[in-house]
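Should a chain be cited, it is by its letter among A, B and C, assigned in written order, with residues numbered from 1 in that chain.
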Amino acid sequence: MIFDRDSRRKAFSHAITVLGGLSVLVVLIPLASVLYTAAVRGGAVLLNPAFYTAGNPLPCSSISCQTVGIGPDIEGTAILLGLSGAISTAVGVSAAIFASEYRTYGLGRAISFTADVLTGVPSIIMGVFIYSFFVLYDPTLAFSATTGTLALSILMIPIVVRTTEEALHTVPNSLREAALALGMPKWRTTVRVVLATAFPGILTGILLAMMRAAGEAAPLLLTGFGSRLFFQGMNVPIAALPLLIYNYAESGSPNFLKVAWGATLLLMILVLTANVLSRLSIQRMVRRMGGR
Amino acid sequence: MVPPTPSSRSPLPGGSAKRPRGSRQTWPDRLFLGLVGTAGVSVLFLALALVGVLYDAATPSVRAFGPNFLVGYTWNPAAGVYGDLPFVAGTLLTGAIAVLIAVPLALGASIFLTTQAPFWMRRPVGTAIELLAAVPSVIYGFWGIFVLVPLMRYTVEPVLRIYLGWTGLFGGTPIGTDVLTASVILAVMIVPTITAVSRDTLSAVPAAQKEAALSLGATDWEATRYAMIPYARAGIVGAIILGLGRAIGETMAVTMTIGNIDKVPVSLFSQGQTIASLIANELLNETGPLQYAAILEAGLVLLAISLVVNVAARLLVWKVLRVSGGIIE
Amino acid sequence: MSSAKLTVDHLTAFYGGKPAISEVSVEFPERAVTAIIGPSGCGKSTFIRCLNRLHETVPHTKVEGHVFLDGEDIYELDPVRVRRRIGMVFQKPNPFITMSIYGNVSAPLRLNGRHNREVTDAAVVKSLQQAALWDEVKDRIEAPATSLSGGQQQRLCIARALAANPEVLLMDEPCSALDPIATAKIEDLVKRLKEQYTVVIVTHNMQQAARVADFTAFLYLGKLVEFGPTEDIFEKPTQSLTEAYITGRFG
C-alpha cells in the first residue's frame, strides 16, 4: 500500500516537471515563430544596402513598384529616439534623484509611486493626451515630430525614473556619508559619487526605455503620424519604423509586405540585441555589487 | 575625531553626516535642488495633467450621456449615439481570456525554472522568456495577421467549434480575426510579465521553508506546492493582475487581429473592438465633436480601469517583495 | 552496548569541488544521543545534512562514501523515503509560515495521505506532547505558527518532525537561536526523546554536549578526530587536538 502511494507521488512529481518544461517550450514558440517569419520573409530585403538609405521613389501602382527603402523611417526613428531620449533622461534622472536623495521633502514616495503607476498606463493614452492637448492648444502642430517626441518622452520618463531610482538605491549609504563627512556639498556628492556609482544601472535603464519607445506605434499614430519623406522639420509629420510596419502590414502589395518584414526584422534585431546586452550588463553589475 | 574641512567651508555640525539645512546651503546646492525638484514635481504634474486633459476633452460626451455611457451597447456615429459597452466588453473579455491562457503556462514555466530546471538553463531561458516582452506590439500584430490568424482560422477554430461548440462560446463562422485570436496574442505578450514576477516572488521564499518540507519526506513537487507556493501566493496573484493590466492597454497587436467591429462580442469568434483599438482606429477619422468626445471618454474609462488594476497589482507585489525590486513592465 | 542504528563509512562531501568533510567514519548507537562538536567551519552542518540527504539538494555538491541505516545504504534508497525515516530539526526554527500550529504538525501526516481527522488529531496531540508543547498550545491549536515565541516554534518543529514517525532525529544546533530558558526546555526534551529515537545533535556549545549526550564525536577541519562516550571525551580524551579544543585553547 505504502509502496503504491509512494510511487504515485514520485510519478506525479516527475509529471509536473515534464509539464513545466513543456510550458517553457510552448511559451517560447511564438518568439521563435516571429523571428523565423521575419527572417524568411524579410531577410532578403535587408541585404540590399539601398534599403537603408533610399526613401520612397515616386508614387507607383502597388503591383509594378520597385521595393521602397526605409531610409526615412530609420532616420525618423533615430531623431525621435534621440530627442525623446535626451528629454526623458534629463527629466527622469533628475526626478529620480529628487525622489531618492532628497527624501526629507516628503514627495519622494509620491513621485516613486506615481512613476510606477504611470509605467502601466497604456501607450495609446499617452498619444491621446498629447494629441488632445495640441488640438486645443495649437492644432497645426498636432501631427509633427514635436508632438511625436513629446509623446515618446512622457512614455519613457516614468520608466527612466524607476530604473534610475533602483540604481540609486544600490549605492551604499556609507559612500554618501563618507563624501559628506569630507565636506563635499550635497549636490556634488550626488553627482560625483552617487550618480557615478549608479551610472551603469542608470544607463541600462535609459537604454531599455529607449528600446521600448523604438517599437511603439500607438502613441505615434496620433502624434508623429508617419511620413514617406525624410525629415522635413519639427513641425510636420515624421516617419518611424513601427508606423511603417503598421501601415504596410495591411497593404496588398507583396513588395510593400517585403519592406514591412524587412523593417520588422531590423527592428527586432535592434530591440532584442539591446535587451540581451543590457540584461547581461545588469547581471554583471549585480554580481560585482555582491549580488542580491 | 573632527573630519578634515576644506578651507572655505565651516565644519558640519556635530560631526554627523546629515546634509546642511537652510542657510548652510550654498547657491549651487540650491540650484541643484531646484532643478531636480522641478523635475520631480513635473512627474506628479504629468499624472494630473494626463487625467485633466482627457477629462476636459471628454466633457461633452460625459454631459450628453451620463453614466449610461458605460452600459450603452450602441455605438452609432451616424445617429450620434455612443455607448462604451462594446469596447469595455471587448477589453475585459480579451484581457480575461488572455489571462486564462497565459497563467497556466506562465506559472508552469516559472515554477519549473525556479525549482526543477538544471541550473545552467535558468538564466538563459529566463532571459529568452523576457525577450518575449521586448518584441513591439505592432510586430506581434503583423505576425498575427500572417501566421496566427490563418492558423486560427483553418486549424484551431474549426477544431474548437467541433469539440466545444456545445458550450455556446464558439458560435459564428470562424474567420480568424476575432476576439479569440486577439486574446491569444495578448496571452503571448503577457506571459513574460507573469513569469518574471512569479519567478522573483518564488525566489524570495526562504530556502528553509522548502528544506523543512523536504526533511519531512516530501517529494520535490510537494515541497514546492505546500511550502513555497502558499508563501509566494500574494506575489503570484499580483503578477497575474499585472499581466492583466498589460493586456488591457495593448493596442497595436489587438487592433490588427480583432476584426474592428463596434459591437459587443457574442462569441469568441465574434469580431470585436477594445477601447485601445477603438482609439487607434477611429480617433482620426472625420468625426464630429461628439464622437471625438465619446472616444476620449472611452479613453478615460480605459485609463481608470488600467490605473485600478495596476495599483492593485503593485500593492500586492510590493508587499511581497518588500522592496520595489526591479522594473515591472 | 547498544547496536549502531546509523553507520557512516568514509563519508566525503564536496561543496563546489572542495571537500567540506573527508573520510568520516562513525557509528551512531541506537536510542542514544550522540553529539557532534567542533569549532565553526569544521563541517558539522555539512555532515549532518548528509545524513538525511539534504546536502545534495544544494547545487554544485557531491557526496562520496556510505551511510547505512539498519544496514541499508541510504544513498541507494529513494531520498524521499530516507527522509521519512530520518527527520531533521534546523538551526533556525522554520515552521510553515502560512499554516497553523495544527497544520504544521499534521503536515507529514497529510503528505502521506492520512486524511482521517480523528487519527490525525490523535497523532498531532501525541507529537505535541512529546515535544513538551501541548500544554502551552492546546487552547490555540489553530493559531498561526508565527504567533509562537522562538523557543515554542522550535518545539513545534520538533513536534512536526516527530509526527512523521522517524527512527532517527537529526538536530542541527537547535538551540543556537534561542534564549537559555528555551534552550533548557529543549535539552530536557532531547534527554527524553532518546527513549524512543536515535538522536544526533550538532552543537557548538560543549557544555550542552556534556549535558545531553551519551556519546560525542569531535570534528575538526572536516575530519573526525575522536569519538566515544561523552565522559571519556571530556575527561580523558585520547587525541591532543581533542584535549586542546575541550580546554578551550581554540575554537
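FYI, a residue touches a chain if its C-beta (ideal position, glycine included) is under 8 Å from a C-beta of that chain, and two chains touch if they have at least 3 such contacts.
Everything numeric in this text was worked out from a predicted model, so none of it was measured.
Asker: Classify the inter-chain contact topology: is it line, ring, star, complete, or other?
Answerer: Drawn as a graph, the chains make a fully connected set, so complete.
Asker: Would you mind checking which chain's mean C-alpha position lies nearest the centre of all protein C-alpha atoms?
Answerer: Taking the mean of C-alpha atoms per chain, the most central one is B.
Asker: Rounded to the nearest whole Å, what is the centre-to-centre distance of chain B and chain C, using the mean of the C-alpha atoms as each centre?
Answerer: 47
Asker: Averaging only over C-alpha atoms, locate the centres of chain A and chain B and give their separation in whole Å.
Answerer: About 15 Å, centre to centre.
Asker: Find the geometric centre of each of chain A and chain C from their Cα atoms only, then give the gap between the two centres in Å, rounded to an integer.
Answerer: Centre-to-centre distance between chain A and chain C: 53 Å.
Asker: Specify, in ascending order, the residues of chain B that touch 2 or more different other chains.
Answerer: 219, 222 - these are the residues of chain B that touch more than one other chain.
Asker: Which residues belonging to chain C are in contact with no fewer than two other chains?
Answerer: 80-81, 112
Asker: Provide the list of chain A residues touching at least two other chains, using ranges where the numbers run on.
Answerer: Within chain A, residues 9-10 contact more than one other chain.
Asker: Provide the residue numbers of chain C that touch chain A in the complex, in ascending order.
Answerer: 78, 80-81, 112-113
Asker: Would you pull the chain B residues touching chain A in the complex into a rising list?
Answerer: Interface residues on chain B, with respect to chain A: 3-6, 9, 11-12, 15, 17-20, 25-26, 28-29, 31-33, 35-44, 46-47, 49-50, 53-54, 56-57, 104-109, 111-113, 116-117, 123, 125, 127-132, 134-143, 145-147, 188, 191, 195, 219-222, 242, 245-246, 248-252, 256, 276, 279-280, 283-284, 296, 299, 302-303, 306-307, 309-311, 313-314, 323-329.
Asker: Name, in rising order, each residue of chain A that touches chain C in their complex.
Answerer: Per the stated touch rule, the residues are 5-6, 9-10.
Asker: Along chain A, where are the residues that touch chain B in the complex?
Answerer: 9-10, 12-13, 16-17, 19-24, 26-28, 30-31, 33-34, 37-38, 41, 90-92, 94-95, 97-99, 101-102, 105, 107-108, 110-112, 114-126, 128-129, 131-133, 135-136, 154, 157-159, 161-163, 165-166, 169, 176-178, 180-183, 185-188, 190-191, 205, 208, 211-212, 214-218, 221-222, 242, 245-246, 249-250, 260-261, 264, 267-268, 271-272, 275-276, 279, 283, 292
Asker: Could you pull out which chain B residues touch chain C in their complex?
Answerer: Against chain C, the touching part of chain B is residues 119, 206, 208-209, 211-219, 222, 226-227, 230-231, 233.
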